[in-house]
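Here come two complexes built around chain A, the first alongside chain B, the second alongside chain C.
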Partner chain A sequence: MKALRLLRWSGSVLSPRTRPCLVHLLQQPLSNRRFLSAAASPLQQAIQYQDQEHDAEEDLWGSSQAHKGDDPVIPEDMPQSLQQEARLRALPSPPLSAAKSSAKLAALHARLSFSPRLPIETLARCLVDATADSNPDFNNTSLAILGRDLYSFYTSEAILCRYPRLPTAVVFAAMAAYIGPKTLTQITKEWGVELVAEPGGEVDPGYLQCRREDSMLIRKHSPDSDTDPTSAVEEGQPPIAGANRPNAEQKSWRRGVSSMTVYDDEFGDLVKGSARGGRSKAATTTVEDACARFVQAVMGAVYLHRGKNAAKLFFKEHILSRHLNVGKMFEFKQPTRDLSRLCAREGFESPVARILSETGRATRHPVFVVGVFAGREKLGEGAGSSLNEARIRAAVGALKGWYLYSPLEVRVPSDVEGANARPWKPVLVDIGEIIV
Partner chain B sequence: MTLKALQAASTSRNGVGAFILQCKRLDFHYCDWAGSSQGMNLFLQHNLARFAASHPSIEIHVSPRPHRHPVIRGHFINGTQHSICVRNLEKGQVLQKAEILRDMSGEKARKVKGGRAVGSLNEGTRGVWSPFHGAKPPSFQG
Partner chain C sequence: MDIIVSSSTPIRPQGALAMILAASKRPISSLLFLYPSFLPAAVPAARRHESSARRTTKRLRVKPDPSFIPSTPTNQLQDNVIFNPPSSSPSPYHTPAAFLPASDPRRSLLVRSHEHANPYAQPNKRLPPPMQKPMEKRYHLKEDEIAEIRRLRQKDPDTWTRKKLAQQFDCSEFFVSMICEASKERKQQQQMALDDIKARWGKRRTYAREDRQKRRVLWQRDE
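Let's look at the complex of A and B:
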């Protein structure tokens, strides 16, 4: 299979961008938009930003009543340095040119062992959350969408090929354990990334720029705060959990595990969004969500700039190398019943529990070792302080032995991509967990 | 549903995949006037550029601290800080102290008990010894 070159599609990341790119501005004639190069000085950029902002406002809403009461009108008699600072403060996120001179950002770039072919400006963009800068040309939303899909693709193929018989509920939990927001927050900390107290143009671009829920300045700076500072969602509609589901309004309906694979996200959780299916646009975010989007955006950036092999290597080094004991993620309700159903389905003899050894039956601390047998085959073994406990443990051991089967050589479908890859051999596809 | 899954989070094993140096920032504080900073000042003039270039993942700050002894302060990924006072040291000794901070994990110094310096998250391949398995001991004769 040939590798696709994504350079053409990734123009929005790799080429210089304009500010502001409010969505409605895209419909304006091009004469209104000024293109910035990545090399523009912060001052220049700030000035251009200001000009555009004002142009746009005049075009759209008339002059001053428009937008953000605190948009600074910088007096001409102010000293140069103060003027520049005021202009930087007016930006929602640090200008592109600040990325080159940030020690924090350069250290992060080196810490993740990125090659110089991944520009530091892109890394800076990965650190700008949509709640800090609502402009999609300057925040990490598009990169995060790409990175999230890549993470879920690579993680799901790794889990399914390594444990082909894993029950769906455990697959969801394992996905969340590898690439869930909790883990990605942990990864953000382990990369040494800190969060800003409050985002703005004057902040060092090496910090993760997002506006948190406890922010005191929502009313003052938020891009969506013109009408109602507390409105978290565009057009005033509350986010609906399970927006992808056909009957999203039915809160009490049962969600089967199979339907989760179709309608819900990669962790089996309800997709939150507006009624039309789009994601809601929030003014603030939680730390977990902002960190998750950052780590996802980094993956997207690696994929766009360095290609598929580098992205896979990055995934292996930072996600798959983490430790997860999948055997500890099971919770059985009635393991003995499950085991007999499994034996019936697979055509084994029905399981029988037998004592293998025991000690101290008449004392306070007896120990029984019980094995579960199907015919002459021992399926599992467990020790407990009562016969029943040992029998249940033995059944759990037998079920885990079945579900945690792992082939000796694990290959995943994405290994086949590339010029000189070995041809794909089909892997085991299990018929699924037992149904009781 | 017959089976539930318990939520968990994977834990990092630094160095198994990517390795991330735990020292993320070093602050060098010096004094232009006092004699105890002489070695530190020579270090800043002659050695620091090479040290910084060979450790790009460490953010380096240099700032004066007038009328005080020179100090190197390390900031670590886990959020802790450690400082080493380098008064009256030669520039080579200052470099050694900076390397100590570079190699630290940022954790509190603690005694390694039982001689087990390295812990593993993986299960042993031989399993845990059990008294209920294996050969029975020969019965006591007479």
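Let's look at the complex of A and C:
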């Protein structure tokens, strides 16, 4: 596998962006312009600037209509400072020029020990949610999509190579525990990022800019501000849960675990969206979703600016370093039955529960230690205050021993990328969990 | 003929004192004033059975566990690894040797150190007693007998309950439930009867049954 060099086209991904309502600001010198591209060549930049001015005149952006409509009417006789203030207030999110002077943003950049090659303006863009600024050139949506895919790729390969026999339901739970919205919200808090009360151009760019569901203020800048904010999808279609599924309209149909790996997202949850497959454009968001998109966008930014190795390191330091006890995620309905099915499948003798030791059988608090044996081989051991409890615990222990097998040396496929990597040795692929 | 009197045999007081002691139920110490002057020296309470040194020091000198003593002689002692883990429930992350895939190097390592990992693997070692008598599967029921069980249960579920069918056909109740199912009405009827019984339970019994269910869930999660 060869690593892709992204430097050439990351410039077009992170093109310099302008707002149509601020065309007059574009007349300022080039150094004051708000652009992000750290990788584009000067020639490319020049071409893009021409394009962008062209775009600004022709008004090609989808969301720019609303911005045009919101173009602030600033009286000429206003003092210069007030004019500046009014212009800032007209913006849906803080301008990128503010990123350089924000202490909060600089602190966050330093706290995450990012290299100076990851510009602070990108970090500022990661903090702008789509609900604050619907313009895709200024919010973090594109970075979040990239980051989300990277997270789920790295996490799933880490889980599957470490525990190749895990049942699918436990894999989904472990995925959610590593990169689910709840964890990412926790990470946002640990990074010391706070949320704005209400987004706007005058706010410090070090805050996470999003519009929450409990927000009482009326939206000023969103293109669909005149519509009801609860109607999440354009053209009045109700959002359909499980848009990827072939029979999404069948509410009562059973969702099998193996179908979740095909149709649903990385956590086994239904993919919400419109019937046409596009993601809905919501007016407000929950704190969890906004925080998740922010952490995902940071990953995307690290990948684009610093490359694959830095992204993997970032993932290891911030996600994989979190302790997750996978052994605690199991719940067996009928462990003894499952174990005897497993022994039959794998060709062991059928399991027998044997009393290893006991104390106080006739007392109020007896303790029994029971082991499950297949022939002479002890598979599991459990202690309990009744023989039945000890037997069930022993069976659960044996099943966990099977499912939690982990190879001695854990390598993941993405380790093999690069010039001087050792060749890939195939990992154990299990035949699957026990089906009764 | 020699008579050996063991030291534990009580010494019988003689004469008048014996009469006093026999008549009185009070402890001897309260009657000391009756003793002649030579007697207190012979009171059994003053006897020493064991020296204090043995009790206080020698008993506390516990021999170390054999696993703590190096197997090599002391004069050619080298670096040793002492492996003597405390007794605790095994971790689920320690895969038993039988569950390791054939390619895993731990498999051969575990077999070599099997005395500790699984002491029952040696053929001369006796296995611990089974919790219940292991059931032998007999497969003795034929097609027509199974059809008969189904027919009986369908025809008269009140008479031919699971238990009765199991006794009649010499199989387990579980097998009966595997091959046939009670009708819907019968199930509903049984459920209503059960609900009726449950409705008569008091608070204590209801809570106790609920707690029992919750404890069972904890077993299944191994918490």
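The rule is short, and it goes like this: the second predicted complex is superposed on the first by the 366 of 436 C-alpha atoms of A that agree within 3 Å, B and C clash if a C-alpha of one lies under 4 Å from a C-alpha of the other, contacts with A are read in each partner's own complex, and residues count from 1 in each chain.
Note that in this section a residue touches a chain if its C-beta (ideal position, glycine included) is under 8 Å from a C-beta of that chain, and two chains touch if they have at least 3 such contacts.
Everything numeric in this text was worked out from a predicted model, so none of it was measured.
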Touching partner for A:333 - first (chain B), second (chain C), both, neither: both
Partner chain in contact with A:353 - chain B first, chain C second, else both or neither: second
First, second, both or neither for A:255, with chain B first and chain C second: neither
Touched partner set for A:317, first chain B, second chain C, both or neither: first
First, second, both or neither for A:104, with chain B first and chain C second: first
Chain B versus chain C as contact partner of A:379, first or second or both or neither: second
Contacts of A:391 with chain B and chain C, given as first, second, both or neither: second
Which of chain B and chain C A:186 touches, first, second, both or neither: first
In the superposition, chain B vs chain C on chain A residues touched: B
Touching partner for A:405 - first (chain B), second (chain C), both, neither: second
Shared chain A contacts, counted only where both chain B and chain C touch the same residue: 328, 330-333, 356, 383
Complex interface listing, chain A residues touching chain C: 327-328, 330-333, 335, 348, 352-356, 370-371, 373-374, 376-384, 387, 389, 391-393, 396-398, 400-402, 404-408, 428
Complex contacts: residues of chain B adjacent to chain A: 1-14, 16-18, 20-21, 24-25, 56-61, 77, 121-122, 130-133
Touching residues on chain C, where the partner in the complex is chain A: 89-101, 103-106, 118, 120-121, 123, 127-132, 134, 215-217, 219-223
Interfacial residue positions of chain A with respect to chain B in the complex: 103-104, 106-107, 109-113, 167, 169-170, 172-174, 176-178, 180, 182-183, 186-187, 189-192, 257, 316-325, 328-334, 337-338, 356-357, 359, 367, 369, 383, 433-436
